Amino acid sequence: MSLIDLANPTRFLALTARVLPWLAGATVILLAIGLYQSALAPDDYQQGATVKIMFIHVPNAWLSMFVWGVMSIASLGTLVWRHPLADVAAKAAAPIGASFTFLALLTGSLWGRPMWGTYWEWDARLTSVLILFLMYLGLMALWRAVDDPSRAARAAAVLTLVGAINLPIIKFSVDWWNTLHQPASVMRMGGSTLDKSFLIPLLLMAIAFTLLFVTLHLAAMRNEILRRRVRSLQMMQASRVAFSSEVGTGSRQENASTGAA
Amino acid sequence: MSLGPYASFIVTSYAAAALVIVILIGWIVLDYRNQTRRLRELDRSGVTRRSGRSAMDAS
Amino acid sequence: MSGLDQGKMQLSGRGVACVRGGREVFAGLDFAAVSGEAVAVMGRNGSGKTSLLRLIAGLLIPAGGTIVLDGGDAEMTLPEQCHYLGHRDALKPALSVEENLAFWADFLGGERFDAAASLTAVGLDHAAHLPAAFLSAGQRRRLSLARLLTVRRRIWLLDEPTTALDVAGQDMFGGLMREHLARGGLIIAATHAPLGIESRELRIGGAT
Amino acid sequence: MTALSALIRRDIRIALRVGGGALIGVLFFLTVVVLMPFAVGPDLALLSRLGPAILWLGALLASLLTLDRLFMADHEDGSLDLITMSRTPLELACAAKALAHWLAAGLPLIVATPVLGLLLNLDMVATGAVALTLLAGTPALTFTGMIGAGLAVTLHRGGLLMAVLVLPLSIPVLIFGVAASQAAIVGPMTFGAPFSILCALSLVSLVVGPFAAAASLRHGLD
């Protein structure tokens, strides 16, 4: 498949219809293997069985950033090439990314509860994810606030890119703010120090979740293309009605024949 | 496989993840049905697209 | 409600004055209109055509003079018996054509007629389920006209009613106005262009 | 009655559709509350002490700042003219619009309160107390803010000016709202006394708000 194939919405729809079942199947299989491996993984000597939460927290945290990256690339497509498919990709990714970010927050606070004694600690990592979540919600609100999709797309693209530039700055500031107030973060999540028995299920789960995102994203993009098609058809219908009533017939058959012309 | 004293937290996080993902899938499937239904209705009422290409540019 | 379709009715103003933003728009204006009659308010820009309609609709308070309705429903004020069609359409783009019309029918109350039939009469029946955001300016005007048909009021106050309407739309609108007059209605319209029906002319602010 | 319920249903529908602002208020609430710890530090004990105050300030700003378009949109598209002319008294129409706004934008704030309580380390009792005081107090905020929304139409100016006009009027609600929640959490006052004053404030504003807003709308017509 070349880039030109993808660029045409109709061909994109055809391609999606072919690819989606395979993607979904692969996701299910990988997820099953990943879950099985996670179940087999030993307990951590410090955290005990709660380390199992990591297997779903980390993939979601990874996706929360990955999806923003995908949206940023799509935003470049919107602003530089003005391609409508890029708008669609960016818009479809936002709610999915927000869901994964929400899961990262939720599992993070459930993971932290046994260690902190509270569900929420203003820990540097979790706080950054919370801000990311707020930015996702703001982006979704922006998409909802504007009726015309192509105008919303440009505004959202600017916001996404500004967000992408700002996120590292926010992360750095939050880290600094956090160490200022409390020296040591309790949560241990360094990738390199992990034992192999944790690393394999973690990687499997991360790949499975990424595949899940790709599947959902393609399906959501297909919905978005259809939604725009409905919208433009409705606008055509609106203008057509005025025409038929001016002629004075207003019959449906008339509409159909002029439509075919 | 024993989950230790914090079993409820582990189960809750897996259940929550499953729930959110199921909701997400459900929303996408319902949305798809909704849009295809509206397309069919528009098709029946005689509105057709000029070509496959222009549908998205028109907006 | 029973006396609504029969019985003479006269809307008259005596010595009506209008001041807006400290400037006197017109003063000492006398006018009268009886049911079954259309009055076309003419005058140059800024002569107070819109202001006169808004005075009758109770949306402006007259600086002097009185406006009275004889023979109307005694239990209601004059504005409550009027339909006002202003420059702005009072439509919500987020709602569908149907929902917009249904809301005004519910909210304005009184004697109601079939909303679907009104939409057919103004040529919007096929767009009933579409959001009002998709309508063109002329179609929005048609939808506003459907409001006048769905909720029956004897007095129509129309501000440049034919703007944005095409020739076919103006013909359709002329027919609607004739029907309204035949039912014993009364129309006061501010207009530049000919109204499209036989009407009495009321020229304001023309002398200076 | 059908007229008023039609107005309420229309306003809620518009708020929930594309372009409506119902959920933006909650998002604003969330953002304001999340911002606070960055200013005061992540000390959980301190946050839980400040919690009710932070939540109340957030809810106050969220419910007042979303109000400035309450009448403005209807004014701009001419709906307000028709509402003024109709057989429904303008006071009742104003009250219906404020009620719709509260249902679409105020209730979600209360629903969001437990989640935010978690972030601020509030326990169940404290969260419940704040949610309850918000439930009793936000109608007062909406109906007081409505006066400002009416003035915004008269003055052809919304936004910050409205906030400046209305925020001082909401001080009593803030005082008794926070006092009641604090009383429930730490005492020594009883919860009942400030809470009943809060309810009384809400009831007064339910009466005063619509009349004041209708008066300012009537005089703002042109």
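Should a chain be cited, it is by its letter among A, B, C and D, assigned in written order, with residues numbered from 1 in that chain.
Just so we're on the same page, a contact is a pair of C-beta atoms (placed from the backbone, for glycine too) under 8 Å apart; a residue touches a chain by one contact, two chains touch by 3 or more.
Here the structure is a predicted model, which is why all the values come from computation and not from measurement.
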Original post:
Apart from subunit A, which chains are still tied to one another through touching, counting links that pass through other chains?
Top reply: B | C, D
Subject >> Chain ID, smallest distance between chain and overall C-alpha centroids >> reply: D
**OP:** Taking CA centroids for every chain, report which one is farthest away from subunit A.
**Re:** C
Subject >> Centre distance in Å when subunit C and subunit D are each reduced to the mean of their C-alpha atoms >> reply: 37
Original post:
What whole-Å value do you get for the distance between subunit A and subunit B if each is reduced to the mean of its CA atoms?
Top reply: 13
Subject >> Between subunit D and subunit B, distance of the C-alpha-averaged centres to the nearest whole Å >> reply: 34
**OP:** Averaging only over C-alpha atoms, locate the centres of subunit A and subunit C and give their separation in whole Å.
**Re:** 51
**OP:** Would you please write down the residue numbers of subunit D that are in contact with two or more other chains?
**Re:** 18-19
**OP:** Specify, in ascending order, the residues of subunit A that touch 2 or more different other chains.
**Re:** 147, 234-235, 237, 240, 252, 255
Original post:
Residues of subunit B that touch two or more other chains: which are they?
Top reply: 45
**OP:** By the touch definition up top, name every chain pair that qualifies.
**Re:** A-B, A-C, A-D, C-D
Original post:
For the complex, which residues does subunit A have touching subunit C?
Top reply: 147, 234-235, 237-242, 244-248, 250, 252, 255
Subject >> Footprint of subunit D on subunit A - complex, ascending >> reply: 109, 118-122, 127, 130-131, 134, 137-138, 141, 144-147, 174, 177-178, 180-182
Original post:
Of all residues in subunit B, which touch subunit A in the complex?
Top reply: 1-7, 9-10, 12-14, 16-17, 20-21, 23-25, 27-29, 31-32, 35-36, 38-39, 42, 45-49, 52-53, 55-59
Original post:
Can you name the residues of subunit A that touch subunit B in the complex?
Top reply: 8-10, 39-40, 43, 48-50, 52-53, 56-57, 60, 84-85, 88, 95-96, 99, 102-103, 106-107, 110-111, 113-114, 148-150, 212, 216, 219-220, 222-223, 225-237, 240, 252-253, 255-256, 259-260
Subject >> subunit D to subunit C touching residues, read off their complex >> reply: 2-3, 5-7, 9-10, 13-14, 17-20, 76-79, 81-88, 221-222
